[in-house]
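Multiple structures follow.
Okay, so subunit A shows up in both of these, paired with subunit B first and subunit C after.
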Partner chain A sequence: MSDFDPSRRRLLGLGLAGLGALGAGPLLSACASSAGTGSTPTGGGITLQSNLTGAAKSGLEKLVADFNKLGKGTATLNTVATEIYRTQLPTYLSSANPPDLYTWYSGSVANAYSRKNLLLDVSDVWQGLGEYTPAMRNVSTDETGKQIFVPMNNYWWGFFYRKSNFAKWGVQPPKTWAEFLTLCQTLKSKGIPPIGIGLGDTPWVASAWFDYLNIRVNGAPFHRELLAGKQRFDDPKVKAVFAKWSEALPYFDPKGKAYPFQEATTALLAGKTGMFLIGTFLADATAKDVVEDLDFFQFPIIDPAVPVAEEAPTDGLFASAKTANPAATKALLTYAASVEAQEAYVANSSGIILPAHPKAKASDMPLVAKGKAMLAGAAELTQFFNRDSSDALQPTADTALTRFIDKPDQIDAILAEWQKNAEKVFKG
Partner chain B sequence: MMSRLRTGGYHAAMTMVSLLWLGPIIWVVVLSTRTFDDIAANGVGSLPHSFTLDTYRQAWTDGGQLQALINSLLVTVPAVLLSLGLGAMGAFALSRYRIPGRRTILLLMLAGNLLPPQIVLIPVSKFSELTGLYDTLWALIAVQVGFGLGFYTFVLHGFMRDLPNEIQEAATIDGAGVGQIFTRVILPLTRPALAALGALSFTWIFNDLLWAITVVRTEATMPVTPALLGLQGQFVSSWSVIAAGTVIAAVPTVAVFLAFQRHFISGLAIGAVK
Partner chain C sequence: MTAVSSTNSTARRRRSFRPSPLLLTFVLVPFVVESIWVFWPAIQGVFFSFTRWDGLSAPAPVGFDNYVELAGDPVFRGALGNTVLWLLLFGGLSVIGGFGMALALQRERRGVGIYRAALFLPVVFSLVVTALVWRVFYQPDGLVDQVLTAVGLEHLIRPWLADPETAFYAVIIPSLWRQIGYIMVLYLAGLKAVDPAVHEAAKVDGANSWQRLWHVTVPQLKGVNAVILSVIVIDSLRSFDIVWSLTRGGPYHSSELLSTYMYSAAFQSLRLGYGSAIAVVIFLLALVVIIGYLVRAFREES
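On to the complex of A and B.
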C-alpha cells in the first residue's frame, strides 16, 4: 500500500493518531471489553466497515448486494473516509461491539492486529481456497500460522509513461539498469526531466524507489528482514542501494519535491516528465481518453543473479475476533474469495486492479494483461514499505529518503539516523 | 487634492486586501465548476478549460450530503441552544450572585478550555461506549455542549458582570425573583453577546470534525465534515467534486452569519465604546 499520508493525517490532529495507537493498546482493549454495549444492533446482520470511496465503493456495494441474495446472512456496508478510517481502525476493532468485517491490508499490517488478538481466525474459510497461490496464502497468514485475512485484489507498480510521448521522443522502454540510465540521458538531452516524482504531501512515493532498488540489488528476503528489524539500515548492503539510486538521481524532476503525486501524474500526462514509478492507481488520476495511451515497463533489472521480485500490494478483508455472528461473517468472506464475486468486484470498481483469485478474469485491457503477466512471472512478491513493515516505520523512511534526495552526499549520516529511528519503532 | 489621493489610495489598498481575502474562495468556486478530465490534464492551479455543474450533483448524491447536512443541523442547533442556555445560566449565577468558590469554578472552566481536546479523545470515546451513546448523534451533542460550555460561560460572565447593578436592584425592588431577573432583565441585555456567540458556536460545532469521528462510526449518522472527507479517494481525489461539496457545506454557516451579522457587529462594538 502506499496511501500513507502524514500531511492529511496532520489535518486530523496529532492526538487522533495517538488515539489510534493507544486504542489498540492492551490496557484499553481490556477497558473496552468491560464497557457496555454500543448502539450497533446485533442479531443476524453483519456490518462491513469500509474505507473504499468513489468507484471502488460501487464494487463493494455490488459484492454486498450479491451476498445478501444468497440468504446466508444480511450484510450492511458502512463507508468511512480513508483518512478517518486509518486512524480509527484500532478503535473500531477494540470497541466493545465492533463492526464484523473490515477492508484493509494483508501482511504485517494484519499480523500486527492479529498479535493483539483482535482478528477472527479464518483458517476454515481458507480450507476451501486451495486454488489461491502460496504467495496469497502467505500474506494472509499471521506469525502463528493461522489465516486471518481474505484477499480481494492486488495491483502492481511500474514505470508508467505515455506511449505517444515515447514514440514522439523516439525512445524504447529499457530492460536493464544500464539501458534505463541511457534512456534518462537521452530524455534529458531533449530537455525533458526524465523521472517524475511527487513528494510534496505524499513523501511515501519515494519508498517505491527504495523498495525496488533494494529488492533488485539485495533481493526480497533481505528486504523483508530489513523491514522486520532483523537487518540494519546502516548495513553496507543498504548503502549499496543508495549508490545505485545516486546514479539515477540527477535525472529526477527537480519540481517533484514540491507537488503531490496527483500533480506529478498531471505533469507526466502533459509530457513535462518522461516516466513515473507509481502504482496502477495513477490511472484513476488520468482522463478516460488518455488511459488507452498509458503503458508501463518493469523496474529495470540491476543484478541478473537476484531472483526477480515485484511489488504487489494486496487488499482484502479481515474480521473482528469479537463478531457476534461468525457464521455469517465467514460466509461473506467465503463468497468474497470466490471467482464470481471477485470478477463482479473488479468489473464494478473503476481503476486498474487484479482479482486475487488466480482463475478470476481481470479487465481485458492490454495494460492489465501485461501487469498480470509481470506479477505471475515474478519469483517473489513484496507489497510496499509500510505494508511490509508498519505505518509507524513509514515516517522514518520518508525522512531518510527525502533527505537523501536533497543531500545525497550525506548518506552515511542519513542511514545512521534511519537506523536509530527504526530502532525506536521496533522497540515500540 | 491630497485628500482625494489619499481616499483613492485607501480604496485601492482595500480592494487589494479584499481580493487577497476573496481569492481562495473564488478559486474554490471556480475549481468546483471544472471537469475531472480538465483538472487531470491541466492541474488544479491552471485556468479553467471547462464548465460543469455536474460536480455539485456528484457531491450531493455520491457524497450523501443531504443526510450529512441534516445530521449536522440535528447536532448543531440543539448543541448551540443548549450550550448557550446553560452557559447563560451559569454566567448569570456566577456574575450576579456571591456564590462560594465562584472564582475557582470560573478558573476551572477556563482551565478546561486550555486543555487540548486531543488528550481526552480516548476517554470520551470509551465513556460514550459505556453510556451506550456511542455512534449516536446524542453523544455528539453531549460532547459539543460539554466542551463549549466553559468558554461560553466565561465570555458571558465577562459580559454580564459589566451590566450595571442598579438595573438588577430596581428589578428586585419591583418584586422580581431570580428567575424573572434572569429571563426579563439580564438575558435581553445580553442579546448582542448571545447573538455573537451563537454565530460563532454554530460555526465551530458545524465545522467540527474531530469529535464527530471520535464518537460516530456509521456512515448514516456522520455529519457533513466527515462526509466531505469521504469525497477524497484513497489515492486520487476529484478536487472539483470536493470543492463543490465544500461550497455546499459552507452554505448553512454563511446563512447563519448573514442572519446574525447585525448582532454580531454590535456585539463586538459594545466592548469598544465603553
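On to the complex of A and C.
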C-alpha cells in the first residue's frame, strides 16, 4: 500500500526506526571520517567536520587550503547541513573513529561535551595565544580549567534598521528604554509596525529578546546562573523581565509570528517594519548596496546601575579527544588562531563577523567598526540562549516565549511550566 | 481446492522437503535486512524507554519512570488528544472525500482521466514539498488571505500556522488534500470489482440509485474498506513530515502529535529515553488497532 512513497515506510513507528537510526549513526560518521583518520601518526590526514555553508564555507575552504600548504598535515573539509549536524554531533563525538575537528560553539555547549571527556585538551595551543582577550579565553575554557576550544570569530546582536528609512521617518536611534518606547510610539503613529520579528520556523529568535532584557534588567551573572539551572524561571526577577517586555509587546509586527527571520529581514529591508533585533547574519543574504544602508543600535539601557553586557556568540573549532592525529589537529588549531588565518577567513567569508584574534583586522565597513567598538565597550559578554545553556534547553524557551508573545496575561502559568520543563532538561 | 489436489500437493511438498536455495535467499536476505534495520532498533527502542539517555553517556536504567512521567505530562496528553482527533478528522474526511470523488469519477467519460490524474497528483509530491506549497498559501498576505480579502472576509485573517486555534486544522487540510487522492484511487479500484450484474438486478427490482449505492455497492467494497481502514490508521499514527515542516508541533504544542513530540523529546531535548517511551506508546496504539482488525478479519473468514 505504500508503493507510492516507499520512504514513508521507514517512518512507521518513527520512534523505533528513528532511534534505530542513531545506532546506525556511528557507522555513518565512521564512513565520513574514514578518509581522514588512521594511517601514520604524523602527516596522516585529518578531517574537519563543518556545518558552515555559503559565504562562511568559502572562508573555511581557504583556511584548510592554506593549512595544507604549510606541510604540517593534510586536512579535508566535510560539510554537513546544520540541522543534521546539530543532531548528529553527539554521535560523531562518541563514535569509535570520529572526525578530528568540528566547527561549533564555545561556552556551555563545548563544556557539556568536555564534561563527558569527548574533547581534546588544547591548553598547549592556548599557550601560544597570549594575545587573546580574557573573555575569549573564558569561553574556551571548561569547568576543570583546561582549554577545549579555539575561537575563530564572533558577531553581535542589535536593533538593525535602514538609515534611509529612519531619515525618511525623521527618527533617531534611541539610547534608553524610555526613548525606545517613544520611538516605537512614533513609528506606530506613522502606520509602520515598529518592531519586526520572525518566529515562524525560527522561534529561537525570540530568545534574543529574553536574553537582552534579562541582562539589562538583572545583569549577566544572574542570566548565566539562570541558564545553568542555578536560578529559577519562576523567580520574581524573571517575571520582571517579562513586565518590561510587555511594555514593548504592542509594538511587535503581528505578522512576525507567522514568518521566519529571513522573511522578517526582507520586511525590514522593504520598510515594512521599523527595526529588528537580530544578529549580524541578517546581512548574509542581503545585497551589498543594501548592507551599506544598514545600521544598528545597541539594545537600549534599562537600568544604568546594571553593568552593560552584550550578546556576542563565538564560533570556532574544537577537536575530538579520540583523534588519531593530535599533532596535526593541534597544528591546524594553532594555524586557525593566527592573525593571518583569521584575516584570510574573515576576508573570504562575506558575512559580517569579527575575527577572534584582537590583532586581526576585521572588514573596514563602518558598521563592523561600530559593532566591534560596542563589544569592546561591554563589561561582560554573553553568547545566546542555547550557547549559554544547551540546545536541549532551547525548545523550552521557544515554547515559553512564543506563548508569552501570544498570551502575555498567562505569564505566571508560562513561567511555572518553563521551570518544570527546564528541570526535566537539567535532570536529563 | 478439492480434496484430491490438496493431498497431491502435500505429498509433493513432503517429497521435496528441502526448499530451493533461491527461495531461501528470498526469505533470508530480507529477514536479515529487516532484522538489522527494523527489528533490532525496535527492540532497542523498547529497552531505551526504560532508561535515561542523552545519546552521549551510557543509558542509565530508570525503570518505569519515563512512563510515569508520560502519564503526568500535559504536552503528552495534548499530543495524544491531537493524534486521536487527527485520526478521526483525517481518516473520516479522507474516506468521505475519496469515496465521493471515486463515485463521481468512476464512469468512463471523456476527460475523466485528467480529473483523476489531477486529484492523484498531490500523492506524487513529497509531503515536504506539499508543506512548502501550503506554507506559501498560508503566509501573511498569501493566497488564503488574498482570497478572504477578495470575498470581504478580511476580519477572519489570522496567522494561520502561528495561531494555536488554527494551526492544527491548517495542517490537516494539506494532508487531506493529499490523502483524498490516494483513497480515491483505492476506491476506484474497488468499484471496478463491483459486479454490474447485481446492479442491473437491483435496478430491475426497482431500487433507486441511493438504495443501490447503499445496499449493492457498499457491501461489495468490504475488502477495500478493510485495506483503507488500516492505511488510514497507519498513516495517521505516522503523520509527521507535514506537521513538522509546517509548524513543528507549535505554536507551543498546539499542533503537536505523538510523532512530533517523540521527535522533539528525543532529538531536540536529547531525552532519548523519554522519546523512546513515546515511541513505544505509538507502537502499542498501532498494534492495538491492527490486531483488532486482524482478529475481526479472521473471525469473519472462519
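Simple rule for what comes next: the second predicted complex is superposed on the first by the 385 of 428 C-alpha atoms of A that agree within 3 Å, B and C clash if a C-alpha of one lies under 4 Å from a C-alpha of the other, contacts with A are read in each partner's own complex, and residues count from 1 in each chain.
Just so we're on the same page, a residue touches a chain if its C-beta (ideal position, glycine included) is under 8 Å from a C-beta of that chain, and two chains touch if they have at least 3 such contacts.
What you see is a predicted model, and the numbers here were worked out from it, not measured in a lab.
Visitor: Just checking: does A:K237 make contact with subunit B only, subunit C only, both, or neither of them? Give me first, second, both or neither.
Guide: Neither partner.
Visitor: May I ask you to decide whether A:K72 touches subunit B, subunit C, both, or neither, giving the answer as first, second, both or neither?
Guide: Neither partner.
Visitor: Figure out whether A:K188 sits in contact with subunit B (first) or subunit C (second), or with both, or with neither.
Guide: Touch partners of A:K188: none, neither subunit B nor subunit C.
Visitor: For A:T91, select first, second, both or neither according to whether it touches subunit B, subunit C, the two together, or no partner.
Guide: both
Visitor: Taking the superposition as given, does A:R137 touch the first partner, subunit B, the second, subunit C, both, or neither?
Guide: neither
Visitor: Using the superposition on chain A described above, determine whether A:D406 touches subunit B (first), subunit C (second), both, or neither.
Guide: A:D406 contacts subunit C only, not subunit B.
Visitor: A:V425 in the overlay: touching subunit B, subunit C, both, or neither? Say first, second, both or neither.
Guide: second
Visitor: Is there a shared patch on subunit A that both subunit B and subunit C touch, and which residues make it up?
Guide: The overlap between the subunit B and subunit C interfaces on subunit A comprises residues 8, 12-16, 18-19, 22-23, 87, 91, 263.
Visitor: Within the complex, which stretch of subunit C touches subunit A?
Guide: Interface residues on subunit C, with respect to subunit A: 37-38, 40-42, 44-46, 48, 52, 54-57, 69, 123-124, 126-127, 138-141, 159-164, 182, 227, 230-231, 234, 237-238, 240-241, 248, 250-253, 259, 262-264, 266-272, 275-276, 278-280, 282-283, 286.
Visitor: What part of subunit B is in contact with subunit A in the complex they form?
Guide: Residue list for subunit B touching subunit A: 36-37, 39-44, 62, 116-119, 121-122, 125-126, 129-136, 209-210, 213-214, 217-219, 222, 226-227, 229-238.
Visitor: What residues of subunit A sit close enough to touch subunit B in their complex?
Guide: Residues 2-3, 8, 12-16, 18-19, 22-23, 28, 31-32, 35-40, 49, 51-54, 56, 78-84, 87-88, 91-92, 95-97, 99, 261-263, 265-267, 269-270, 279, 281-282, 284-290.
Visitor: Which residues of subunit A touch subunit C in their complex?
Guide: 1, 4-5, 8, 11-24, 87, 90-91, 93-94, 113, 116, 118, 199-201, 203, 254-255, 257-259, 263, 391-392, 394-396, 398-400, 402-403, 406, 424-425, 427-428
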